[in-house]
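Heads up, the next two complexes both have subunit A, just with different partners, subunit B and then subunit C.
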Partner chain A sequence: MTKYILKRLGQGLLTVFLTVSTVFILVRLAPGDPAVAYAGPLATTEELAKVREQFGLDLPLIQQYWIFLQQLFTGDLGTSYSFQAPAIQVVLERMPYTLTLATASILLTAVVAIPLGVWMSRRPDTKKEFGVNVLTIAGQSMPDFWTGIMLLTFFAVLIPIFPASGFATWSALVLPTVTIAILQIALISRMVRREMTTNFAAPYLTVARSRGVRNSLLTWRYAMGNSAIPVFTALGTRFAAMLNGVVVVEVVFAWPGVGSLIVRALETRDYPLIVATVLITALLAVGVQLIIDLAYPLLDPRIRLGKAATA
Partner chain B sequence: MSAQTAATATPAAHSEQPLLEVRDFQVELITDAGIVRAVDAVSFSIHRGETVTIIGESGSGKSTTAMGILRLLPEDLAVLSGTVLIDGVDVTADPKAIDKVRGRTLALIPQDPMTALSPVHSIGNQLSEAIRIAGAASKDPGAVRARAIRLLEQVHIPTPDAQLKKYPHQLSGGMLQRVLIAIALASEPQLLVADEPTSALDVTVQAGILDLLLELQEQRGIGILMITHDLGVARLISDRIHVMKDGAFVESGEVQQIVDNPATEYTRKLLAAVPVLGAWDETPADGTALTTTGASHD
Partner chain C sequence: MSLSDTATPSAGNPSGVPSGLPAEPPARKSSPSAVTKELIAKAGATRRRAGAKFKIRTGVICTLLVVVPIVLAAFLPLPDPNHQNLAQRLFPPLTEGHLFGTDQLGRDLLSRILHGGQISLTIGVLAVVVSGAIGIIFGAAAGYFGGKLDTVVSRLIEAQMSLPLLMMLLLVVALFGASIPVITFVIAIAQWPEVARLTRSMVLVEREKPYVSAARILGLHRVQILIQHVIPNVIKQATLVVLLLLAQAVLLESALAFLGAGPQRPFATWGRIISDGQDYLTTAWWLVTVPGLVIAVMVVGVNLLGDGLRDRPRRKKKEA
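Here is the complex of A and B:
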């Protein structure tokens, strides 16, 4: 088990390293000059050259990369151009906001999508289920920036019960969370429905029914117990994806998380900040994925105990 | 209609009411191609200690009959009619009535033991649940566990307390079928419906499971409805056999009578289809001769 964890950890760190390296090189190959963004459009050629020298951008790419690798080992990715603070520190300050939003969103998704999917699976192909299905397809089809703007218009402007932007009070969490969750609920509830329908048709469920197991137990203990792995995986993967910054939603709601940070970092060609954001979010995503993998054995005895010889 | 009267008249001769009485039972399945009458007006009964077998080839409607009696067919796809009395409870008239007999009077031994238990719950977990539903033992975990071990002993599972914490994928098909029989016995059932209980098992294991069923029947006097396509199984354990084809019984009677004097061509074909080990014949064209020999040996 320890060997497995170490192996997965090594794979994860390699993934993070390759991701960060790719981003390091790509941002430098992309058009746009951080010196111009920093010094302003009216800066003279001498001023721009001075800025480039200050940021180390006058060095050849390979040398910049070598310096970056050394920095990576010490955990210091340099100073953010626009914040004039250690890039890592800027990202870490934003991280709790994104974590809060992602956690709230995934919890809301789980709490709504699982019962909804179960409800749908219990009455397949009925008018009610069809109605809910139409709603989930609608939820899946609405782009999140549009959902966000609509929610803002209704619940922050027309009926001002929630703040329109920022994170000054906990109530500010509601609208961005709902915006993210609508799409996720649509996807996850349909997945739960599919898994549950499959398990309702499984032989062990019929046999359990034949021995008088109550419907509620058949649903939650049997069908859900056997649907848990794919549902848990889907929720975990979506959570990991949200940690990379829910960019559009954070921008719409002026949420002070890493999503809006990366947009700003890209706009200002803030190379250290871009790389630091990618590093932190990639580390988190890999960490969450590892936790999901390690939780499988808890959910499925076939993985925990391995396949025994059958005769 | 006269056969019908005769069928209902026979149980009257017994002093007790039959465990299972099926009259004019009909199952219509709603399929994409239209309504299919899978079971067409079958009537039979089972008394305590009796084994009644429905034999037929795949698609003859024998499993649908069993599943229909247990009301395990999808409610929206299967239309049941006729009368099914399980220990006097009419389960066709009132869909809720089946709850009174499931896990109590009635138990099912399923076709494929490998898929009949939830893969993520332990043997002990599923067995204890059946014990609690039966309500026979006290709810005390120790008592439930003791009863679970006793049930596993009764189906001759070695080291029962070690098996309780195992999961279905860790046991063989034969062991799983024994576990399923133990689960069925948890409720002290009077009627077992065995839907091809040995067809998914190795031949060497089949005999053990059939022996176990016969032993339990002898000890407890339970009635068994056996569904099989295997004449060998039917001969070994049945009191009466109903031969099913296209949803209806084409022939019914005592085992010896059916085997010795099959009344219909279909039954004769079923009898002739039993492979029999004989002297190895080098000439492949003589395949028919081999089965003929087999049938006459029977």
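Here is the complex of A and C:
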């Protein structure tokens, strides 16, 4: 067990390291000069040189990378060019907002999508099910930024129930959460339906039914019990992906999270900030992934970690 | 559940039996029910077939509704998409000469959507072709040859799936410029794991089938078996996934464009048109609503089509 956790932790950290290194190199290989972005287009050559020296941009790439590695292990990624504050700190300040939005969205998704998927799986090939099925296709086909703007128009501009942007009150959480959840509900409910349908057709369920097990028990305990792992994995993976910043939705609603931060960091070519954002979000994503794996035995007692690592 | 059904006919007594089952209707023993399990299954299959047909038909209609005007945009009597006319700013839809109205610079919205759509669609189709090709080649090779190649490909797929996707795409586009080739490449790279994973799993099943051993005994080269015999058997399903990826590619491109990482020349694409229109939400609702609807109709069409087609072959297999 401990060995398994350590192994997974090692793999995760390696992924994070490779990701951050790739980003570090990509950023520097790309055309465009952060010194120009920082000092402005009117800066003289001397000013630019001074800025480059200040941020260590005049050094050879290998040397920059070496300094970066040292910074990485001391947890200090340098100062953000545009915020004039430690890059890590800037990202960490934004993290709670993204975390709040992601948690709210995934909860709403789970609460709606699981019953909806079960409902669909229990009446296959009926008109109602077909209608909902088509609705879920529509749900996953709408561009989320557009859904966001539409919700914003209706519920913040035309009928001002909710604030349009930012995060001043808790009611500001509603519209972005719903925007994200529409897409996720469509995807997850279809998945739940697929899993449940497979389990409903399985022989063990027929056996249980012939023994006279109640329908509700068949659904929620028998079929759901065996669908729990894939559904939980899907929800967890989506949650991890959201921690990387729900970029589009954050931009639409001017949500002060990591997603809107990375867009700004890219616009200003704020190297330390870009790397810090990627580092922290990748770490979080790997952490969530690990927690998902560790939770498997709780959901399914047949699974033992380390032995069925591929399950 | 059918225990009582089988028990009653064997009793053979018409009526008046002093058994403890007075509730048993006498008609039931002679003919339990005209509706058999097979009939129920058949009815389900019929309904499923009708559903699939409906999905395919609607999907084709929705897709064509958007794609045909886009393809014909050059031949339609439309104003130039970049022609500005400040005297005709913010005309609502259905104004004469401007079916979808005009934007804040007096440009014809319909023309902008159609010409932008050409770029969006080109990127989408190219990206899907590239990712489909990479995915099928790598997936098939990994599944068929196994060993180290499989390990490398599987790790790559895994690593990429755990990466923050949109963030990486934004990064690459922001750094290397929002040109059509860069965006196409980026979307293709984002999508190949999906195809590769599916192809790999299908090839894994396929390579154990007798015809592969037969071909091997005949002395065919492994590569030849893979290309001539295995891939043709999986390509149909793989292309189905590719169709669904096209919908995703269009959405991804529009999201990138919305965030300002879309191509600007020669025409602004859909996401960009929407993000431009955002500032005029209260005064000119159509600038955001209409292009979004166009994207949604097309993507719904493609998704319905893919879904309907996926439902179909399963049914055929059962009948055969």
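What we mean here is this: the second predicted complex is superposed on the first by the 304 of 311 C-alpha atoms of A that agree within 3 Å, B and C clash if a C-alpha of one lies under 4 Å from a C-alpha of the other, contacts with A are read in each partner's own complex, and residues count from 1 in each chain.
Throughout what follows, contacts are C-beta pairs under 8 Å (C-beta built on N, C-alpha and C of every residue); 3 or more make two chains touch, one makes a residue touch a chain.
All of these numbers come straight from a predicted model, not from anything done at the bench.
Asks: In the superposed model on subunit A, is it clash or fit for subunit B and subunit C?
Replies: clash
Asks: State whether A:300 touches subunit B only (first), subunit C only (second), both chains, or neither.
Replies: first
Asks: With both complexes overlaid on chain A, does A:111 touch subunit B (first), subunit C (second), both or neither?
Replies: neither
Asks: On subunit A, which partner touches more residues: subunit B or subunit C?
Replies: C
Asks: Should A:278 be classified as contacting the first partner (subunit B), the second (subunit C), both, or neither?
Replies: second
Asks: According to the stated criteria, A:161 is in contact with first (subunit B), second (subunit C), both, or neither; which is it?
Replies: neither
Asks: Check the residue A:226 against both partner chains and state whether it touches subunit B (first), subunit C (second), both, or neither.
Replies: first
Asks: What is the contact status of A:291 with respect to subunit B (first) and subunit C (second): first, second, both, or neither?
Replies: neither
Asks: Pick one for A:211: touches subunit B only (first), subunit C only (second), both, or neither.
Replies: After superposition on chain A, A:211 lies in contact with subunit B alone.
Asks: For the superposed three-chain arrangement, which subunit C stretch in 39-47, 75-83, 183-191 or 291-299 runs into subunit B?
Replies: In the superposition, subunit B collides with subunit C along 39-47.
Asks: Which residues would you name on subunit A as touching subunit B in one complex and subunit C in the other?
Replies: 209-210
Asks: Given the complex with subunit B, which residues does subunit A contribute to the contact?
Replies: My answer: residues 202-213, 217, 221-222, 225-226, 228, 299-302, 305, 307-308, 310-311.
Asks: Along subunit B, where are the residues that touch subunit A in the complex?
Replies: Answer in residue numbers: 70, 72, 99, 102-104, 106-108, 110-112, 115-122, 126, 129-130, 133, 167, 169-174, 180, 183-184, 186-187.
Asks: For the complex, which residues does subunit A have touching subunit C?
Replies: Touch residues, subunit A against subunit C: 15, 18-19, 23, 26-27, 29-32, 124-126, 130, 133-134, 137-138, 140-146, 149-150, 152-153, 157, 209-210, 240-241, 244-245, 247-248, 251, 262-263, 266-267, 274, 277-278, 281-282, 285-286, 289.
Asks: So in the complex, the part of subunit C that touches subunit A is made up of which residues?
Replies: 1, 44, 47-48, 51, 54-55, 159, 162-167, 170-172, 174-177, 247, 251, 254-255, 258-260, 271, 274-275, 278, 281-282, 285, 288-289, 292, 295-296, 299-300, 302-304, 307
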